[in-house]
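In order of appearance the chains are A, B, C and D, and numbering begins at 1 in each one.
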């Protein structure tokens, strides 16, 4: 108990909370970028354009099947070798957006696939173009269905941000490691505290997902 | 009709994408080649009027983050600040020191990638490393020692030269070479950082940590059941590192370091950071004129 | 000796009062038909008998065991009380003969050769010996229900419960199933409790008819009495409606 | 390619450890996941609460934190290497996701299957084991497959605790060769050797199962 009090001084606590803020910022930025990118890829895969869709699908599959940790390290350590030099924060956002876009595109394609084909036929029969059908009929329905899986993807993002501590992103996990470098007695208190922070953040998100799920069902 | 159009679009887009990928590949390979070519650190420093130093965040006495300020503090950090000021004086301009946190495995990568200008992060000068980076003159007289449990009976690294023994080191340090030379039969386990290595030692995953004496003294301050043995294996002092082939930067830094040693700043910093460490004779570290 | 006895039984689903003050006694060997409008609690009542639904108050004694007593081992009772469902509930992952042989093998530890012999006998009895190695998904509804009956019989139960066994079937399938049920009622001394809308079957086979509505038993009389002149008004109305169809 | 030739033994040994950790965690998380799925579905409040708490906990906490916890805290009490700590953490973490898949599978099986088996005289355990679970696993195959792919990818967490896996060796090679670009691409190819066949196999299975329906 004493270790807890010693480890969680106001200074340490403030330092850790700033880390949580960075974790949240990276997560939110990444989900926005990956959502846009993932939508484009998802629609391309859904449209079944000859050759192009399967090519994009294959590239997408390659990214999806790599560990995120590898992509993070690659972006930060390897890309500068070809002159793409990003600060650690943006490097993390880029790596996570890239990876999550590949994950999200599958969700988006699945959401589009789940829309009844009758919706297309109905819209096309009233004279709407393919693009209009997509924009006004299909996508709104599909996005509504996708909100819960999107939130669970956001939860993954919040958790996965911790991997960027490996490239010294000053997120919650990294800052926790810094604090217990002061004294090894702080290891357990700090790990417990970090667990608590992540759990609360993600649990709230998962409750939100459940609620939206119920409301949309 | 529409089907044919879609098909045509698909083929065109696919060819385009493949072309883009190929071009990007060649461009990347080309850029990688170009990027290996020389970039003058001193010129960059003069242009930006800052020196961006890579420092540790988790190493007591050398670079440990103060959670109040969020900045690393320690001998390395203070010395880097003093050097920046001194180099500025030499160049007749006001230089600012900025700091980027690095860990053992990222410091050289970041230097090579020019994310940072110099590394002041408990980095030992070795021949191997000197092929890849440029070192200044030594700024701290370090060498590898052993950290073992007080009741373990281990006195020197020779006691560990046995396949049943495991020696713990931190990733990207020189300890690997020392162990290879002094105890080739022992198993080696490399950990991400010193805190993990200490934990591994406590958990009995290995019998000893081999790393720089200065760091081991930092570990001893909070772990009184452990002590440092085995003397100093090889004089392996720390140096400030710059990217390869930077004679200008190295020359300025060496001049600055000599000046700091001469005007007493260096000794003041030594006393500030190592005066309190038990079992360490500070006068050994101080420079005498 | 009574096989099934309800004493002041009450059952709730949350706030909904599903069974109200049920008192009912069924003797061993009796065939009892339970009728009533949908939502009257017939299915709930029959499902309480082998513990698929718990009761909240009162006593329910089946084969000498008190089901409301938490110490009672439900598995022991279910060994002796079989059930046939509206939707058959055949094991989708097992062949027809495996459906029949599984419980005797696992629960009764019946000898494998004996088990197979009995299973084939039962399949012949329900007229499906040629389907022994099919998967349930390859059978028609009526065939599935006959397999389900054979599956229940394989355990040699003392008592067999039927929960609307023909209401999910196409009309032309119903006859085969009812025929099998009638044969069981006639040539064994098994206790049968049947929830059904088949008045013809009730008239021909039942010893007693019980009429339920709104979770209550409103009439409990001999078959002859019930169909000639039920004492309860709602039962009368129900009978006339069913007869009109 | 010279990098690969020069360090090939490191890559191969890393690949071996990644494979080993994945296989151990696969078996352990499948067993644990099924167990906790059953707990979640228990009628007893205490058991289902326990099951839910376990699943919610591990789903909402980063794998890295769990790994560090085992490596830095639990290892103080029970001695274990980074490889063991990482594999244990990986198993527990994955088991929460598998529990969700299995639970969804069980719930998708018609209630009548359980009732039929109970009325037929089988005990709850027998009915679950012989009738419900085999059907539930079949339904859960696509989502289980995804969890296994995630498991292989997540095994890279071992690199943080000296777990000797592919990622760990990749970092070592990148740090000593300074051709980070090539080193990480080689590591990526090794991971794809494991995950891509799994991924395409799952797609194939999923399409076939959908075709059957």
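By definition in this document, contacts are C-beta pairs under 8 Å (C-beta built on N, C-alpha and C of every residue); 3 or more make two chains touch, one makes a residue touch a chain.
Remember, it's a predicted structure, so these values are computed and weren't measured experimentally.
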item: Chain closest to the middle [Cα centroid of all protein chains]; value: D
item: Pair with more cross-chain C-beta pairs in contact, given B-D and A-D; value: A-D
item: Per Cα centroids, the chain farthest from chain D; value: C
item: Intercentroid distance (Cα basis), chain D paired with chain B, Å; value: 36
item: Centre-to-centre distance between chain D and chain A (centres being mean Cα positions), rounded to whole Å; value: 20
item: Centroid spacing, where centroids are CA-atom means, of chain A and chain B in whole angstrom; value: 32
item: Separation of mean Cα positions, chain D and chain C [Å, integer]; value: 45
item: Chain C residues counted as touching two or more neighbouring chains; value: none
item: Residues of chain B whose C-beta touches two or more other chains; value: 28, 32, 109, 112, 195, 199, 202
item: Residue list for chain D, restricted to those that touch at least two other chains; value: 72, 160, 171, 174, 180-181
item: Contact pairs between chains, per stated definition; value: A-B, A-D, B-D, C-D
item: Contact footprint of chain A on chain D as seen in their complex; value: 56-57, 59-65, 68-69, 72-73, 149, 153-157, 159-160, 167, 170-171, 174, 179-181, 184, 187-188, 191-192, 195-196, 198-200
item: Partner chain D, residues of chain A touching it in the complex; value: 61-62, 64-70, 73-74, 77-78, 81-82, 155, 158-163, 165-166, 173, 177, 180, 187-188, 191, 194-195, 198-199, 202-203, 206
item: Chain C-facing residues of chain D, complex; value: 110, 112-113, 115-123, 126, 130-131, 134-135, 138
item: Complex contact set, residues of chain B against chain D; value: 28, 32, 105, 108-109, 112, 132, 171-172, 189-192, 195-196, 199-200, 202-205
item: Contacting residues of chain B [partner chain A, same complex]; value: 6-7, 9-11, 13-14, 17-18, 27-28, 31-32, 34-35, 57-60, 64-68, 70, 100-103, 106, 109, 112-115, 193-195, 198-199, 202, 222-223
